[in-house]
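The two complexes that follow have subunit A in common; it is paired with subunit B in the first and with subunit C in the second.
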Partner chain A sequence: MISNAISLMIAIPLLGAAVSFFAGSKAKFVALIASLIPLALSLQMYMEFDKTSKMMQFVESYNWVPSIGVKYTVGVDGIGFPLVLLSTIVSILVIIYSWGETKKPNQYFALLLLNEVGVLGVFTSLDFFLFYIYWEIVLIPMFFLIGSWGGPRRDYAAIKFFIYTHVASLVMLLAIFALYFTYQMPDGSRTFDMLTLLKATADKNIFPTSLLNIIFAGLLLGFLVKMPAFPFHTWLPDAHVEAPTAGSVVLAALLLKMGGYGLFRIILPILPHVDKAFVTIIAIIAVLSIIYGAFLALAQKDIKKLVAYSSVSHMGFVTLGAVAFTTMSIQGAMFQQFSHGIITCVLFMSAGTIQHVVGTRVIADLGGLADRMPKFAVIMMAGFMASLGLPGMSGFVAEFMVLTGSFATLPTYTMIVVFLSIVTTAAYHLWAMQKAMFGPILKKYMNVHDPHAYELFSMSMIIVLTLIFGLQPGLITGMMGTAATQVMQPVMTLSQMGVI
Partner chain B sequence: MYADYAYLIVGLPVLAFLLCLFVGSRLPRGGGFLTVLATFAGLVLSLGIFSEMYPDKIIHQSMPWFANFNVGILIDPLALVMLLMVTFVVTLIHTYANGYMNGDPGSSRYFAEAALFTAAMLGLIYADNLLQLFIFWELVGLCSYLLIGFWYRKPSAAAAAKKAFLTTRVGDVLFMAGIILLYNNLASLNIALKPGEYLLQFPVIYAHLTQIPPAQLTLIALGLLGGAVGKSGQFPLHVWLPDAMEGPTTVSAMIHAATMVTAGVYLVARMFPLFYAAPYGLTAVAAVGAFTALFAATMGLTAFDIKRVLAFSTVSQLGFMMAGLGTGAAVGTMAVGVAMFHLIGHSFFKALLFLCSGSVIHAVNTNDMREMGGVGKYMKWTMYTMLIGSLSLAGFPLFTGFFSKDEIIVIAYEYGVAINFLPYIFLVLAAVLTAIYTFRMWFTVFTGKERSDYAKHESPSIMIIPLVILAIFAFGFGIAAQGGFYSYLDSNFGHYDVNFNELAVIGGHAAEETKLAGEPAAEPLASEAGEGAKAESKAEPAEPWYIQILPIIVALGGILTASLFYWDKVKKFDPSLVTGDKDPLRKLLLKGYYQHEIMTAWFAETIVYGSALICNVIDIKLVDGWLNWLSALVMGFAQHVRKVQSGVVQNYITALVLGVVVLVVVITMAKEVGLI
Partner chain C sequence: MDFSHYAPLWGEALLTVLAVLIVLLGSLMKNSGKLMGYLSAAGLIAALGLVGSNLMIAKPTLFFFDTISVDALSQFFKVVFLVVSLLVVIASLSKYTGKGADEYFALLLFATVGMMVVASSIDLITLFVGFELASLSTYALAAFDKSRKNLEAAMKYFIFGSVSSAFMLFGFSLLYGMAGSTKLTVIASATIANFGPAALIALLFVIAGFAFKMALVPFHMWAPDTYEGAPPLVSAMLAAGSKKMGFAAAFRVLLVALMALRMEWYLAFAILAAITMTLGNLAACWQNNVRRILAYSSIAQAGYIAIGFVVVGKAYGLAPTTAFNGIPISPAQLGLAGALLLILGHALMKTGAFIGTAQVASMVSKNDANDPDDISNYAGLVSRAPVTALCMLIFMFALAGIPPTAGYFGKFVLFSSAIYSGLVWLAVLAILNSALSLVYYLRIISYMFLKEPAGPKMAEPKGYVVALVLTTIAVLYIGLFPQAFFDWAVQAAAVLLPQ
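Showing the complex of A and B:
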């Protein structure tokens, strides 16, 4: 067993970011190694991970600022670990996909690594203070990726992305402070310890419902904006359209997952103690995100914007499964996070490759590309099929679990989703696919060809993963089963677990 | 022993798929022989399993998958006859495809997709639970999408593929809703599952039907029926099937005639106990089936594309099978045997007809019957095998189609006596039209003058041999297998813990069941075999002689009518008497009831796409608009506020003092009120 695996996993990309910043054109090799080690570590952790344990695992805890109760506490359970795995997988594939980047590659790869640091930190922090720091760190590389490597409206998109999500984060921070200042440890001191504070929210004497409602709403806003859920999603399409491909991939595959992670780690333990109206509100938001997102995707003319709205729709399943609050729906929602994380990579990479090879992403201007890009066509088709929920691939399992599980507690909402979203989702995927890839090849595209091997490699790896987790979802859901039951019961704190 | 290798029935085609996909282009004929071998091995295995199982064993293997679900293999008589039929017919079609696709640059892709299809179809058949069935069901749909769009450079093929996927997806939504509903109903029963049992397994579902509220059963049944309607091309989701003919003819024969489209019928047969227990469940099945049978037959009369004629015919015949299952409301489980018999028989003669049409198209190089004519002179084998297929489809006495369709009409009559005569009337009319459109096609293609300049030669023997084998079955299967088939399938549900008498009470057809079966409702039915056989033996003498011979008259009359219109030797009337673009009614038929205009142009493009565009406007103007409005407000405010920063120290001090005063006042007041 590796000691300090989590800290190591976060420290190495951080170091890698610093080195690659000064490595000039060699930055990509640094980045590859610096992302390979966390991947290896996370795979090792996967082997050692105890799927049946209700405890936090790989916990590290050190005093940091004892005077205000801040600790450096990290650890993972079935909620966090799948996302750690996702982060390390996606990070290295994105770095491989970007192998040909020539514009300021040192900064580019440094930012990608820094991003990995941020998301890994978010998924492993068990201290609110630390959590918030990582949460904000993530904004920085993305802001620069959009702002420096983005498309024509990159300034607008970068600032909109930053301000929108930052404002929501500040609201979340206020809610965290409210938790911090309300709860006192038995010895009178204050703590930022996440599990202790969450556990305390169950106590009506400390957190009266009226106060908890406000705190809950603040936290919720932070996460819903990040996911993003209707009606807070409009920063996403702009950010995606302007971001470089790698930025889009990381944004959709990892950054959005922070919002979902917040739901499971922080929102669900509090949910039973707040006003029941919240359930209805969140369910409505989820359903609208799913359906409205799908319809918006159908209306898009830019293939990347289409994919961006499909993220809104797919992340709605996470919200729905979470709020439905049954073991299966929560498990499904967690799996949807993981599954959407990998599938969306191949979608954004496809959009990026089309832009790169053909020079446009406007669907109406494309046509017959399969003729000249046969390998790419197969991979893109597989990715689109995965995204529309084809059985045998991971997306189906996740959505099926969410829907089947949610029906028990939210039957009407679930059925609305089933009836209005599934066909629409298939429609926009197939329509885009047909228009872009099939039909006679347009004259102006007679000279296009399959993309570079490294691009095809990243994309096909994702397809393979989608198939593996679609055929054997137990590899991931096995970890989530225990976590899902845990979420529904009062949280166990680290001291109760006996880990610190 | 064979049962231990049952998984290979799916496994080998998957292997063939992978081989064709990755190395097929380096193999002769795109690796087509691999696909043939894999399917043939499946046939051998199925026969071996049959020899072990017959007459009274079933095979059930299962292992856990994820969450509360499992994967497993269930081979009972119902599944076994399907396995045999599919492996047999598909082996022949793959063989034929080795000739038909020879020289196509995409042949390795074709055989890869065809192998994947075979695997998915076979997996669907012997799935032991509803989720697994659904998964293979969707994979079958994927393969159908890929194969319809095989010639993807052709815009019409790409569009047809998309249409097929989306239309069947509408059905799948209902199917999925049905599964979700069923799962939640079963989960709420808190069943104490034995090790190896899972909620969605068929035996578990059958055993707990009586505990599910009847209204829920009806909803579940309607959901599953929705799925079946989509996949089996029943009204109103049949619109994709004629368009699906854009694919290679072998695809049409394999997927859109013999195998995949029968999956819907198979689903209803598989879930027959549920449909039986659900009030109005079988009524809905009968209504959909009978209406589709007639409706599609009328469209078959006017199509000029030979494959579209056959496609409409398939839709119509699938309607017969559905209607046959629906009559189970009156005749009980024997309906399953009757419908399945037609399903199997139909797959032989319809595959044959498609392959024959492919042989003709191969030579003439067009699908349009108006450019054919007189082909019989050059393609004797094709002509005569197609004649056998046509006679079988038209229900000519002693041919397979005669026995199978006749039996459906007979039980529809019983359904009429017991419940309602409408399905019977619809089916008889449809049978007349079937004979007419079938021979319209045959006469137009093979007799008369040559209406265009085409290659005058017979197809290669790799294509002819499958035709001959299929023709033998299209003729002889009916006579050879009818009796044994019914009793074998009647035993199917006897293997499970399911009490049809209790289900009949829930489903609201207790009276009919008792009357026909001649047994009191309370008596436990350990073996449905006996019950089904009795129902048959008691019911049949009840029919007047004219009902018995009506199907013969119908078939002969139909063929005669067709010859008067379309056989140049005896032609008496002009087809424009019935169809044409002169007046609205005849045009209605020619335009296929304007379905394309309604479904695609109006519903999909106007309503759905229109609402998507509206959403987009709302998103830009409203949901994102308020943000921009807010930022404009902040900017405007900032423009004013920055004037305060004047640089005059006195102003700052004034503001500071004011601020302190305000703070003091606020805090004092707050203390008064008790906020702090």
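Showing the complex of A and C:
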């Protein structure tokens, strides 16, 4: 057992980012090593992870700013750990996919590593102060990735992304302050400890419903914007369209998951204690995100924008499963986070590869590419099938669990989703695929060819993972089962767990 | 005679003697600019050491017939002023080396001494004298490079400054008339609230006088012109040092002498803070001159700091419901501590940012855009002057309140104190403003990092680089390890707001 595994996992990419920045053209090797070690660490942790335990595991806790009750506390359980695993897997694959980056590679790889630091921090922090710092740090590398390597309107997209999500974070911060100043520890002091504060929200004497409603709304806004859920999704298409491929992949695969993680870690423990109207509101938002996202995807001309809206739609399943509040729906929603995280990588990588091999992403201008890019076409096809929910792949398992689980508590909403989204989702995936890749090849594309081996490698690795987790979902859901039951019960603090 | 009793004031004494000495030596020795710079830097470091050795004073020590108090609050401000001054001197080593440099450094030292006197004053007369010493020295400094722009900036600054001094003095004279004393504690116990309108008029004039120095809207008009037109390093001194002196004076006078009128000044500051941060941020979005952007950002930050007054006024007397690390801290104390932390953070960030503009202006003036501070000169700065650009990046994020920086922690404590005392609307407004400010900070960042370079790589003068790197380290250090600074600020706040 490695001590301080989590801190080490966060420190190494941070160090790697600093080294890459000064490593010039060798930055990619630094980045590879600096992302390989966290991957190895997370796999090691996976071996040691106790799937049946309700405890926080790999906990580290040190005093940081004792005067205001801030501690450096990190730890993972079945909610956080799958996402840690996702982050380390996606980070290294993105770095491999970007192997051929020639524009300021030192900064590029440093930013990708910094991004890994931020997301790993978010998924492991158990102190609101620390959590908020990582939550904000994530914005910085993404701002530069979009702004420096992005498309023609990159300045606008980068600034919009930063400000939009920052406003939501600030609202969340106010809610955190309110939690902090309302709850008092037995000895009169205050704490930013996440589990302690969440546990306290169950106490009506400390948090009257009227106050808790406001706090809840603030936190919820912070997470829904990040997810992003309708109607707060408008920053996403701009960011995705302008972002470079690696930026889009990281954005969709990891940054959006921060919002979902917030739902499970912070929103669900409070949900039973607030006004019941919130359940309806969140369910409506979820259903609208799923359906509206799917219809918008259907209407897109740009394949990358199509994928971006499909993210909105797929993340809606996370919200729906969470708010349905049954063991199975929550477990499914958590798995959807993981599953969408890997599948979306293939989709964005495909869009990126088409862009730089063919020179356009407009679906109507493409046609018959499969003829010249057979290997790529197979992988892309597999990715699109996974995304539309083909049985045997992880996306199917996740969405099936969400829908089955949600039917028990939210039957109407679930039926609306079933009727309106499944066909639409299949339609836009198949239509885009058919139009772009199949049919007779256009003359101007006679010279295109399969992309570099490193790009195909990253993408095929993900397809393999999608298949593995589609056939053996228990590898991941095994961790989530305990977590899902745990989410529905009162929060246990670290001291109750006996970990510190 | 035994002077050992005066040990806590040796810092001021040292700097005064040094300043006089520099003037004398400068008139005797030719081309001694560099030497004077190093002497000033050494003197400031020594003074920092002297002030630092008396940092944690449990009980205020009074001097000169109870007009000067050395306490945790005065030491806090003195450290801020000395650090700002030291950073400006270090940066100036690259710029002021020739003729007249002795006067420049002497004026800087006199200004610093003036600010230190204000930080310690518990008497209106001493306070006014310190205020004027600092102001007169900075009026001269603002015109130091003698360009047309300098002269305009200095003239505006001088006229506005004089008028504000007059306001302040008039307010002081009314206070003296009502209380029969210029001592803050005597005025506090004189129940001047009973004088009705006269007390309000006095309050109005005092607040107006201070608000000029703090550059709160609507008393801010001089600030953008002066910060833009003065020599850039002097702008750093004005925004980071002399502005904070306004806060030091206002804290002492309002929180000690005029606490009885707190319901009145609470309201005044609530309005001033709300307008100042909103207008400052809005105006900054439309500027193309980086120093003007920084000037408006500095106005906005003054608005944030003014939240401290609002929290204190609103929450004064409320019992602490919170123990921080075992020590109960009342909402008012937390508000003042937050304001102090933001003052410390802002002083560092703004000094750094202005030194950065000075650096850019010194490098680009030959073949770039006419106005050396034009934002187009910052295009691609990261490849032209990487150290400057990286440091500026940290300052911009810190000013915007992105963690983990000094700017973030200051705002964190200050805004949370607003929640603690129930001023939710103000916290919401401040936080929205904080987000709005990102528009122009990100604009500068996107020029520096995302645009194509506006010219070839430039050599970065060493003095500036040292000052920039030191400031950056300080800004990050406070953000990452805020524990000691928080405790210090709380102790300083407790001087004016004992439990």
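Note that the second predicted complex is superposed on the first by the 500 of 500 C-alpha atoms of A that agree within 3 Å, B and C clash if a C-alpha of one lies under 4 Å from a C-alpha of the other, contacts with A are read in each partner's own complex, and residues count from 1 in each chain.
Note that a residue touches a chain if its C-beta (ideal position, glycine included) is under 8 Å from a C-beta of that chain, and two chains touch if they have at least 3 such contacts.
Computed from a predicted structure; not experimentally measured.
Contacts of A:178 after superposition: subunit C is touched, whereas subunit B is not reached. After overlaying the two complexes on the shared chain, residue contacts for A:390 are found with subunit B alone; subunit C is out of touch.
Once chain A of one complex is fitted onto chain A of the other, the partner contacts of A:65 are limited to subunit C, with no touch recorded for subunit B. After overlaying the two complexes on the shared chain, residue contacts for A:404 are found with subunit B alone; subunit C is out of touch.
Of the two partner chains, neither subunit B nor subunit C is touched by A:108.
Using the contact criterion defined above for the overlaid structures, shared-chain residue A:348 touches neither subunit B nor subunit C, since it reaches no partner. In the superposed model, A:132 lies in contact with subunit C only, and not with subunit B. Contact with neither subunit B nor subunit C is seen for A:216 once the two complexes are overlaid on the shared chain.
Between subunit B and subunit C, the partner in contact with more residues of subunit A is B. Of all residues in subunit A, those touching subunit C in their complex are 64-69, 132-133, 136-137, 139-140, 143-144, 147-148, 154-155, 158-159, 162-163, 166-167, 170-171, 173-174, 177-178, 180-181, 184, 187-190.
Across the complex, subunit A is touched by residues 321-328, 397, 402-404, 413, 415-416, 419-420, 424, 427-428, 431-432, 434-435, 438-439, 442-443, 446, 449-450, 482-483, 486-487, 490 of subunit C. Interface of subunit B with subunit A (complex): residues 65-68, 131, 134-136, 138-139, 142, 149, 152-155, 158-159, 161-162, 165-166, 169-170, 172-173, 176-177, 179-181, 183-184, 187-188, 604, 608-609, 611-613, 615-616, 619, 623-624, 627. Note for the complex: subunit A touches subunit B at residues 160, 164, 230-231, 233-234, 292, 295-296, 298-300, 328, 331, 368, 370-371, 385, 390-392, 396-397, 400-401, 403-404, 407-408, 411, 414-415, 418-419, 422-424, 426-427, 430-431, 434, 437-441, 472-474, 477-478, 481.
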